[in-house]
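A, B, C and D label the chains in the order they appear, each numbered from 1.
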C-alpha cells in the first residue's frame, strides 16, 4: 500500500500543485500573523485545474507550513499521496462540488467568529459598511448580507449536509460560521479568498463591538 | 486612445512622481501594519509641484503596493496614463483645489473611524489631549476640535459637494469621517499626513473607550 | 564551592542541553511577541533524557534569552552550574516528579490569566470550543475542562504543595493559574507545551470576553 | 552664539554620549512597537557620568530616531550643542536633581496612561500583582503602590514644581502620570527604566480592564 501511494505521489504532484501549495503556505503566514489560527487550528485548500485539490494535512501549525504539509486529494476527498488530510476535508469538497468557480477555501479559527457564534446564535447580519464592497458581487455599502451559523458537529458528513441543505433552502452564501469553531470562506483564487476573509473578520469585529460582547 | 495614453505615460512620469509614489508605498506598509486598510480598502495620494497628482489605482491591497499601483491624474481627476484611479478620486481633487498647501491625502478604513461614525453620528469632539499638539496649528492640550461625520454615498461628486458645503459653512477642518467607511486626513507632505493620521486614530480610539462602544 | 560548580558546568552541559536551551529561547521569542512575558516575568524549563532540567535563570527578559540565560538543575532543583534559577523552580520540579511524560513546562504572565484569576476566583471552566481539541487527550468540542486557580504565595514550596494536594484530590489537570500572576502549562515537548499555551490563552480570552471583564 | 555652540558640540560629545544615544534609539524602537509613542509624542533621556544629559530633540518620531535626534543639555536644561530639546525637558532635569541614582527617564504617551488619568483622576493604586516585583525595591505581590496623576499644564516649570511638592509631601514615587498625556518613569539605566515601563503599562491596562473603562 505504501509503495502504491509513493508511486501515486510521483505521478500526481506537478507544477500546479506546487504553485498552489506555495500560495497556501503564504496565506497561512498572513493568517497566523493576525492570530486567526492558534495552536494547530484551521485548514486551507485550493483546487487545481484538473479537479484535484491541494489541502493542508492534519495537525500542523498554519503559520509555518512547509510544502510537505500540503497534500493532494481527489474531488471525493480520497487522499492521492498517502497523507492524512484535515478531519474537515469533506466540508471543502462539498463546497467545491457546489461552486465550480471556487478554487480556494480558507477556514481559520479567529476569536471574532468564535465569539460571534456565541452572541448571534443563528446568523450575523452585515449592512451599511463600505468594506462590504470587498466581497464578490457587492457594489454599494447599502447592502445587507447574512453569514449563517451552524452548530458544531464532529460528524463532518452530517455537518456538510447541514450546510448543503441551508444553501438549497436559502440560496447562495459568501461564508459560514461553525459555532465555537470558526469561519469558512472561499473564492476564485487563494488571493480572493484571503481578501474576503480579511474583510469578513473586520466586519465581524465591528459587529461584536457594536452589539456588546465585552471585546 | 490607448496609444495616446501610452505616449502620455512616457511623457508624464518623472522624478517627482517616482519619489512620491515611493512615499505612498512606504506609508501604505505602515498603515497596513496597524490594520487600517483591510482587504483592498483605502486610497492615498500626493500632489506634485506641477499640480498633477499621484494616486493609488483601484483594487490593490495597500500594504503591498508596487510602483505600478500608483498612477497619475490631473487636477480634475482625469487619468494621464490610462490607468483606473480609485472610485473616490474626486474627494482627493476637491481637497487639493480648496487647500493649496496640502500635498498629501490619506484615506484608510480603520475600525476606530468606522465605529466612531456609528457611535457619534455627526461629529467627534476631541479635547484636553496632549496629543492634539501633533495636529497642525495646535499649541496646547486645552483645545477642542471637531471631526465631522458625513453619510456614506456611492455618488462621489455628491459626497465631495457635501464636504465642500460643510467647510464653507463651518470653516476649515483637519479631517473628516465618512460613516461606516473611514477617515480622510491631509497635510503638507505624506509624512505630515501620516503623523496626523496616527494621532487621530489614537484619539478616536480614546474616545471610543471613554464613550462606551464595547471596543 | 564556586570551583566545584565551575567544574560541574564543564561536565554537565552537552548536546541535549544545548538543543533544549535553543528551543526555550525560540519559545521565549514567540511568547514575548504575544505580550505574555512583560518586563522580566515568566520562566520556562525542559527536562533532559538523563533527568536533569534546563531552566531559565532569574531576572532576564524572556523575549531575548541567550544560551547563557538557561541553566541546569537536578530533579530536586539543585543548581548544577553555579547559576541562580528562577525563584519558582520548585513548581517546575514538582510537576516533573508527578508527570514522567512531561518534558517541558511554560509559565508566562499573560494578561488573560491575570484577569481571569480576578474574575473567576477558583477555576476557569472551558467547554464547547473546537480549539479544546488542541489540548492533549481531547477529541471533541463537546468537552468540559477546569483550570484551577491558586492564591499567589511567595513561599514556593507551600505553593507547590497546594498544587500537589489539589491534583491528589481532583485528579490530573492540564494547566493551572496562580492568581494575579500567570498560567502554568506543560507537555511532552517544548513544542507541545507551546501549542497548549497558545490554545489556552485564546480560550481564556474568549471566556473573559463572554463573562464581562472589560477587555 | 551658534559658533560657540558648534565648538561646544565638538568638545562635549564623546563615547558616553554615543553609547547612551544608541540605547535611547533602541528603546524608542521597542516603545513604538508597542504603540506607546503615536505621531511625534514622548521624550526620553539618559544622564552621563559627568552629569550632562542626553535627551531627545523636539518633534521627531520616537520609533525611528537617529543619532542626530539626541542632543546634550546640562543639569539645568541648557542646550550644549545648539539643538532644541523637548518642551518638557525641565521635568527630566527636576527628577535627575532629586534622584542621584537615576540615570534614565522615559516618557511615552500610551493609551493606558491617557485613559487611566480620565478614569482614576488623582492616583492609580496597584496591588496584589506578581508583576509588581518587576519594580525596584518590591519583593512580594502583597504590596500596594500609588502612581499619582497630575493635571496637564503647558507651563512646564509649574508642572515640575507640582511634582516636586507632591514628592516632598508624600515621599518617593516610582512613576507619575500627566492627565490626558502620559506616564513618566525612571531607573538606574535605560534598560531598567524600560522594564519598569513595560511592567507599569501592563498593570495600568489590568486596572482599566477591571475598573470598567471600555477598553
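Things to note:
Quick note on the criterion: contacts are C-beta pairs under 8 Å (C-beta built on N, C-alpha and C of every residue); 3 or more make two chains touch, one makes a residue touch a chain.
None of these values were measured; they are calculated from a predicted model.
Of all chains in the assembly, none touches subunit B and also subunit D. Ranking all chains by how far their C-alpha centres lie from the centre of subunit B, first place goes to C. Centroid to centroid, with C-alpha atoms defining each point, subunit A and subunit B lie 33 Å apart.
The centroid of the Cα atoms in subunit B and the matching centroid in subunit C are 47 Å apart.
In subunit D, the positions touching at least two other chains are 213-215.
Screening every pair of chains for touch gives A-B, A-C, B-D, C-D. Residues of subunit D that touch subunit C in their complex: 128-131, 134, 139-142, 195-196, 198-199, 201-202, 205-206, 208-215. Interface of subunit A with subunit C (complex): residues 38-41, 61, 109, 111, 114-115, 118, 152, 154, 178, 180-182, 213-215.
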